[in-house]
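Some structures to go through are shown next.
Presented sequentially are two complexes of chain A, the first with chain B as partner and the second with chain C.
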Partner chain A sequence: MSALLARVPRRTVLPAVAGIVLLVVAADAIGRLGLAGAAWPTVTDVVDYLTSPTAQTLLGRALAATGTAAAIGFVAGGLGALALALLGALLPAAGPGLDRLAAVVHAVPLIALAPLLVTTVGREGTSTVIAALAAGFAVFVAATSALASTARAGRDVFAVLGASRLSTVLRLQLPAGLPTIVDGLTLAAPAAVLGAVIGEWFGARRGLGVLLVSAMQNVQIPLLWSAALSAAALSLAAYVLLVALRGWVTRRFT
Partner chain B sequence: MTLAEESERIVRARAAAPVRRPAPRTGGVVRRVVSRYWTIAVLLVGWQLWASLNGYNRIVVPQPGEVVADVVGNSGAYLPDLLATLGMSAAGLLTGMAAGVALAVAVWTSPLVSGMTTPIALIMRSVPVVAMIPVLARVFGYGWQTVLVITTIVSFFPAFVFVAARLRDAPRSTSDVFAVLGASRVTVLRRLLLPHAVPGLLVAFRLTAPSAVLAAMLAEYLMGGRGLGVLFAQSVSFYQPERAWGTALVATVVSVACFVGARAVERRGLARMT
Partner chain C sequence: MSQPAIALQSVVKEFPLRRGTAVRALDRFDLQIADGEFVAVLGPSGCGKSTVLRLVAGLDTPSEGTVTIEGARPADLVRGHRLGVAFQEHALLPWASARANVELPWKVAGRPVDTARVDELLELVGLTGFADARPRQLSGGMRQRVAIARALALTPDVLLLDEPFGALDAVTRRRMNLELARIWAEERITTLLVTHDVDEAVLLADRVVVMTGRPGRVRHTESIDFPRPRRTEVTRDPAFHEIVDRLTRLLDESDEPGHSDAAA
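Presenting the complex of A and B:
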């Protein structure tokens, strides 16, 4: 968080803190007054539940499962997308087709992929694959745009010196595009978490997605909200981690 | 850089459409079509080969022809659910984007509102809204109103961020003209800033249209009721693989069509407004 907060000017901190406090107070008031019905708990209900040992084991196990699926999906999707983008840069003839493929795969609604994935990789693997696809799209878009937008002068130098296409891509376009690629990674990390959670809705055995759906069906309100908060926290943590990485890469490569 | 600018930069990066590559100079339409769509053809052929070579029976993996035949032959079975999903998505897009514009204008009028909404905007960016469908389903009840709430929330954030950004960076010279002529704040908003914000709204529309459809289908899948998501859940549980894969196909075509349509609207709108 410190990497994020360090850049916030003093002037905007007070209203921002006021906004967060207001949000929590409003959430608690809605729960206490029952404005949104029985499904909206008070903040203290959720905190009480979160501090109980049973909840911590349950949520801990689910967090580990979802986190693992999201992390594997993030790495696999990111590397795969990067490889495809590099392929597109090396073989310009393949490029437009790959762009189109990425757009179509991204536009395919996740539930449309479910029958395919459940048959091929099984119920447990589905969440990892959906996480990989979600993360991969963000990385692919960032990487194609990064590789295509290298400065003209640099390209001319490489062309004049007779560099091969491979060494131009690896020694010029890739390092120059790294900050943009890392931008894509900051988007890909929360996308991977979301993909993992949604993937678990199609019959996984454990994970935050499973908890969310079963708590919804069995009207376990504190568990439902705790699972939702855990998913949000996981997503935020992934994002903050990548923003910190981006800060480092930007300082190193620009 | 404030958090608002930070989150906006991220959303903008997400908005970056795939790079336009120069079309191959030689060859005509055929070559262009092949160069753009070869991957899609590979996918279809791969599906066909995968289904027939492994000798899967139709319960496991139906073949492309069977799926298309079910969609074309029984289109009456798909149509009501398709219309329900599209209606919910369109209504959610409308209300969500209207709310986004309204909040963007509110933020423009008052620095206090702007400061207080920044953390909320950041939270909404980092909270996976679609993953919150179970919570929303409990709070708003199982039914169409929850689908509407979800599509509204999904459509809200991009409209807010892009319109707010455009309201902030109006061209200096035109703002000066308005100031010199003593225009009131309302006039500035109506005659300068809102027209200036239209391209931002169009980008938000392109980004949101497919996600709204996707969110509607996921909500329907989890809650039941009507729509493509329900059709999918039912055909899976009644072992109608052609119907299940057909629903997936229809959903994909609808989603791609929404994206292409929204992009066309964006291009036409930009051509008119700039």
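Presenting the complex of A and C:
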């Protein structure tokens, strides 16, 4: 992982660090001056809270639960979407139907699926399934367009070699489309985290989503902010990791 | 000449443009290539050379007329994995090494890779030391040589070459021509070479066909009788230059404006 992170160009690190420092200072100032009311804590309040052992076990457990749901959802949704996109490339007759299905799934607000999911996969599974649907849609869109946009020159080579459709998809379209597919993954990872958090609002026992809701109801401002920051950090970590992966894939496959 | 290996009979090819209009790339184009013959097609840019090659490869179908290979449709040859093509753009897989690119025809055909043959081909095109290099680590000429090795991989019955040395400087190009002449002398595959380089055509082919400007038609056919294997001495032969000059003049006239775009 450190090897992957080392690939993030240094040029982007310095402005990022400067931006973060500026943001923290501004947030602290707003809290101290009470500019945004009582619901905006000072940064020191949040940091104080984060250093307490109880907070750490609480957040750690929630982070683990949400992270697991998001990760399983990301992998399962991503693989499922990739399989569907490959199917669409192999059976052109099925392509438009699959596109429409994906559009319908996307058009239904994920939150509207929750009642249905709670009764089918249960309270704990809902969060994973919503994460999978959110990530899967991003991957499906990216993979479908990636597989369809292979350069004509490559297709001609496979055509005159007498390649079967399966062989063309696996040996040409998929590797040629990998950079675009990984682009889709970088969008899918934050979507999976968001999906997992939302999914937890429907009766999960633990998770950042659960903490967010209960902290809000009990006006536990530092906890609320700590949970929100944890969710953002999780999402950001996944994103950074995938951007590094994208760099590697782009270099390897183009 | 018994049954020709490749036969194009009064082939017309039109590409639809906007609604109702079409560009006529080929107009009653006739060409027959005998078994084991090397034919070069010369013509100005845009006259339909690549179109001829794509028709023979089965990548396009003629608007009128017929294209047959060994009496059957090009698709039948393709299905038997008996066609080798090197395209104008080399079109190698960028993620695969030179060796893996040459191995591709076996993998696509679902046959076990003949490693000895791959080694032999890499040696033939002078890339033994670059077997593990990826295309972008190779020079333009090396990439084109990989593409030629890939086209030759399954010892095809028919070889189609579309300006395989198009992007090269004159010196490298001549060296590659001589290498191809040597390779061809060993394999003797029925070959159709498309080019706009007159020297290249005369050096390599048994017969040179000069096309008119678009819409492309056969303007002139010239038999080239220099003995094989042809080496660099051939290019110093006065007879060679006489032929080159004659064909260049024909090509010049083909390139004149006035060949209007046919609209259908």
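The rule is short, and it goes like this: the second predicted complex is superposed on the first by the 233 of 254 C-alpha atoms of A that agree within 3 Å, B and C clash if a C-alpha of one lies under 4 Å from a C-alpha of the other, contacts with A are read in each partner's own complex, and residues count from 1 in each chain.
Following the convention adopted for this analysis, a residue touches a chain if its C-beta (ideal position, glycine included) is under 8 Å from a C-beta of that chain, and two chains touch if they have at least 3 such contacts.
Everything quoted here is computed from the prediction, not taken from an experiment.
Let's test your reading of the overlay: on chain A, do chain B and chain C clash or fit side by side?
Taken together on chain A, chain C would fit alongside chain B, as the superposition shows.
Have a look at where A:P92 lands relative to chain B and chain C in the superposition and call it first, second, both or neither.
Once the two structures are laid over each other on A, A:P92 reaches chain B alone.
Look at A:R171 in the shared chain and tell me whether it touches chain B only, chain C only, both, or neither; answer first, second, both or neither.
second
Roughly what angle, nearest 10 degrees, sits at the C-alpha centre of chain A between those of chain B and chain C?
For this superposition the angle at chain A equals 90 degrees.
More residues of chain A in touch with chain C or with chain B?
Counting residues of chain A touched by each partner, the higher count goes to B.
Contact-wise, after the overlay, does A:G162 reach chain B, chain C, both or neither (first, second, both, neither)?
So A:G162 only meets chain C here.
Could you say whether A:W248 touches chain B, chain C, both of them, or neither, answering first, second, both or neither?
Neither: A:W248 stays clear of chain B and chain C.
Could you state the shortest Cα distance, in Å, between chain B and chain C after the structures are superposed?
17
Show me the residue ranges of chain B that touch chain A in the complex, using the header's touch definition.
Touch residues, chain B against chain A: 1-3, 6, 10, 13-14, 16-19, 21, 23-24, 35-40, 43, 60-61, 111-112, 114-120, 123, 126-128, 130-132, 134-135, 137-139, 210, 213-214, 217-218, 221-222, 229, 232, 236, 241, 244-245, 247-249, 251-252, 255-256, 258-259.
Give every residue of chain A touching chain B within the complex, in rising order.
Result: residues 4, 7-9, 12, 14-20, 22-23, 36-37, 39-40, 92-93, 95-104, 107-116, 119, 138, 141-142, 144-145, 148-149, 180, 183-184, 186-187, 190, 193-194, 197-198, 201, 208-209, 212-213, 215-216, 219, 221, 224-225, 228, 231-232, 235-236, 239 of chain A touch chain B.
Residue numbers of chain A touching chain C in their complex, please.
Its residues touching chain C are 151, 153-154, 156-164, 167, 171-172, 175, 252-254.
Show which residues of chain C lie in contact with chain A when the two form their complex.
My answer: residues 54, 57-59, 78-81, 83, 85, 87, 89, 91, 93-95, 104-105, 107-110, 160.
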